[in-house]
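The structures considered in this document are given below.
Each of the next two complexes has subunit A plus one more chain, namely subunit B in the first and subunit C in the second.
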Partner chain A sequence: MTVPSSPPGLSDDALRRLRDAAELPEPDPSRYLVLERIGRGGMGAVYRARDVLLKRDVALKVLHVGADGGDVAARLTQEARTLARLEHPGIVPVHDVGVLADGRPFYTMKLVQGHPLDDVVRGRPQADLLRLFSRICEPMAFAHSRGVVHRDVKPQNVMVGEFGEVLVLDWGVSKWASARDAHDAALPAAAAGIDTGAGAVVGTRGYMAPEQARGDSANVDSRADVYSLGMLLTHMLSLSSTRGMPRPLSAILRKATSVEPAARYADAEALAKDVLRLLAAERVQAHRENFLEQTLRLYRRHRTLVLLVAAYLLVRLILLLWQANTAPGG
Partner chain B sequence: MSDAAFPLTRPSVVEALKADDSALRERAFGALVEAYWRPVYKYLRLRWRLLPQDAEDATQGFFGRAFEREYFVRFDARRARFRTFLRTCVDAFAANERQATQRLKRGGGAEHVSLDCTTAEAEIAHAEPPDDFERFFAREWVRAIFSASVDELRQRCEGQGHTVHFEIFARYDLAEGPDARKLSYAGLASELGLTTSQVTNYLAATRREFRGIVLERVRALTATDAEFRDEVRDLFGFDE
Partner chain C sequence: MKKPLYGTILGGVLGIFDGLTALASAPETAPQIMSIVLGSTFKGLLAGFLIGYFARKVKSLPLGIVFGLFVGFLLAAGVVWMNVASGQPGYYWQILLPGSLVGLIVGYATQRHAELAPQR
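Entry: the complex of A and B
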């Protein structure tokens, strides 16, 4: 057997350039002009593109494979529709959706200019991080209230915008909690993310809940996101300038990342509320405190009042002692 | 064995290896060898530290024996990607040969596969053994796919009388050296006697055709849709 000789091998640099050339999207030039690639993931790439009609820059997300790419293509459509349904300041709005001439589906969205989460949290005090975390929970809570589960919450999917706004990105593997929610959103069943079926694992190791890692997609609901948020908070705190962790915070993390979904917070809102209680020195749901902890917490919460009362009592004591010493026959 | 090109629009070379038609089986096997012999040769050179002539013999022996004993017919797409399966077969073959003879030799009476290892050897002449051989094999597979796709693109362009299309593509996406990145559409248009929009249109069309060829080849070398998508993902995300 003689194998046809192929041309000399390509250099690594040529390989990269060919790869970039082969995956460069070609949208309708009367509408979009692709400017540069700004990100690439396992499923596709994101480009900065010029919207020729509206004269603004947008982010254009396109898959590596074409529309015949089965559930991958369906997921991109699902992501665009999910985003379109979730109108929230913490979720990037979708502008347009379509199919390129080569069959690859794409959508365009607002071009987010901000900073990766890790860059923002590194070296910050614990309280700042807890406040930031509660804001990450806001779009997640909104999505949960609409029956959407993100399924891939991790630091790389959180961005802090130039005005300090927090954005949760990459809803490409999100799913609707029930067929009814998907139906209400007018999504085709195949694109509703409810058909991943038993055994299909989506998400990121290290952040995904145990039931998600097992591929038990029927039991993946908002509590799986709570688990991922708990892991995200653990990661954020590891970058904090504050050393040590108060017991109520440890309890919040333990509850959020419980192996059993039933032992976790029901959704992102419940988790965020407990974090806000901790920040306000209120009793957190996840922790049963002892007398000393309760006293210290009440002291922290009412510090000004306690100090005023203490100062008042001290003055009264001094006055009493002074009166006792200066009284006739004292 | 026939040298006729395997029709790459066929759903899968891997599936065609199990065909009843022996001519189809042989053509499928030829297409498979064409896609994989360079990665296998380089893998044997660096992973198994074989000398060039021994690696060439072992590559020929491996494919010869694989054809004779129908190694690849046993592939089960539910258990692994074909690329991973093939690499495992190479490891098993190399280990057995080393154990049996203390040196790798041509695969006995197996059918001889003729390879030109000169260029493959030149590509790894100064290469250090990599830390991760799985990644190395994957990267070499991508290189083999892209190289063969460039060759097919050139042939197609020549066949269609579009040599200028291929020249523009080659100047932009294949040329080596610092000057390659300084090329402007206008400069190239002037050099080739074209308009700037002709250059951009030809380049876009040729890149689209190149992408189509790459995907056709990957589809032909995978057994299932899921494997195809996984390979495409790795192909386009190889250094991420």
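Entry: the complex of A and C
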């Protein structure tokens, strides 16, 4: 189905609605009933659909009409396969894959009902954001452990569910770290190598690592995601109600967003561990603290114990003074 | 580190300190300081182990503190009783108050102390 790009006598709004109607996917009606469009990206669109057989709502992702079938279709298939391999509570599970009557590939996945990251983090204290960030790192760390690099970590691709669960979305431009990983996942060679050739730039400006922005795909690995996660954390902290940033946190951000990949954390797990160390008032890997900082950190970590020991010493002192005053001749 | 071991070490260290303070609070006990420190250390080790064992079995900060206070007080009362029984001054406040406080500290510390999970 084709839609004229600028038919005479039609308003922009009417044209948009006409295009939307034309793009509406028509899967097998005995299986899926498309209800409404809930998202749209450069490659395709996501619709809320009713799974007629299982009687539940799902998200149906399909390529745009007229999208170049080759690489883009393979990328959609790759995304579905990647998601199918990454079974983790923080990664949306795939339910089904298929091809529409018009030849466009599609897949269905769990319908995520939650809030965009920005809505959740705005005005929250720094410690809350760090805890939330460490949970964002969990699915990323899982993906890295399976040899998958997301390559497009940004606030728009993180959603927080109704019960506080964190979901990392849009694995459409993800990359297998090595050909062996792709082979292990039984991916066709073409799919494993999509957009990974020299010069291909994938990701989002402002969040992508320097080597990614250069199109140096061969050197894009989990450390590129670490860079994006560092930028994501910077963005989250900019929306925090807490002003100022402790030096260890600045050091974590600096390390995560280093220009040189070798200077960054190896993967999301290493980054999350340092953030959790900071939250637990332990020494972070990214920062060499001086004596005063170390003392203050240990005090913060064992505040109550220190106060209790101080109370004990105070009691000892009071007893001594009392004794000195009540002693004969005192 | 296991809670009973942690409690024992902490109780022992505080017990040593507790015994040494006798030099300041009761200078006339200086000739017996060695036995005082040994007795106080043993008391601290015993209290620390009991409180640490309790913390391992019962995960509750308030109960841990109350149990620590109780054990600290009980053992300190035992020392006072031994003093009185042997005809020496009781030093009630000097022994009961810090002894109970040591129990409270160990009770708190062992409840807050996290035992490392076994390696997966």
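Following the convention adopted for this analysis, the second predicted complex is superposed on the first by the 314 of 330 C-alpha atoms of A that agree within 3 Å, B and C clash if a C-alpha of one lies under 4 Å from a C-alpha of the other, contacts with A are read in each partner's own complex, and residues count from 1 in each chain.
The rule is simple: a residue touches a chain if its C-beta (ideal position, glycine included) is under 8 Å from a C-beta of that chain, and two chains touch if they have at least 3 such contacts.
Source: prediction; values computed, not measured.
S.K.: Check the residue A:54 against both partner chains and state whether it touches subunit B (first), subunit C (second), both, or neither.
M.R.: neither
S.K.: Have a look at where A:316 lands relative to subunit B and subunit C in the superposition and call it first, second, both or neither.
M.R.: Touch status of A:316: second partner only.
S.K.: Examine A:43 and indicate which partner it touches, taking first as subunit B and second as subunit C; both and neither are also allowed.
M.R.: first
S.K.: Touch check for A:305: first (subunit B), second (subunit C), both, or neither?
M.R.: second
S.K.: Should A:259 be classified as contacting the first partner (subunit B), the second (subunit C), both, or neither?
M.R.: So A:259 meets neither subunit B nor subunit C here.
S.K.: Over in the complex, which subunit A residues touch subunit B? Could you list them?
M.R.: On the subunit A side, the touching residues are 1-11, 13-19, 21-24, 26, 40-43, 45, 64-66, 69-70, 72, 101-102.
S.K.: Tell me, which parts of subunit A touch subunit C in their complex?
M.R.: 304-305, 308-309, 311-312, 315-316, 319-320, 322-323
S.K.: If you look only at subunit C, which of its residues touch subunit A in the complex?
M.R.: Counting only subunit C, the residues touching subunit A are 14, 21, 24-25, 93-94, 97-98, 101-102, 104-105, 108-109, 112.
S.K.: Considering the complex alone, what residue numbers of subunit B touch subunit A?
M.R.: Within the complex, subunit B contacts subunit A at residues 1, 3, 5, 26, 29-30, 33-34, 37-38, 63-64, 67, 111-116, 119-120, 122-123, 142-144, 146-148, 150-151, 169, 172-174, 176, 204, 207-208, 210-212, 214-215, 225-226, 228-229, 232-233, 235-240.
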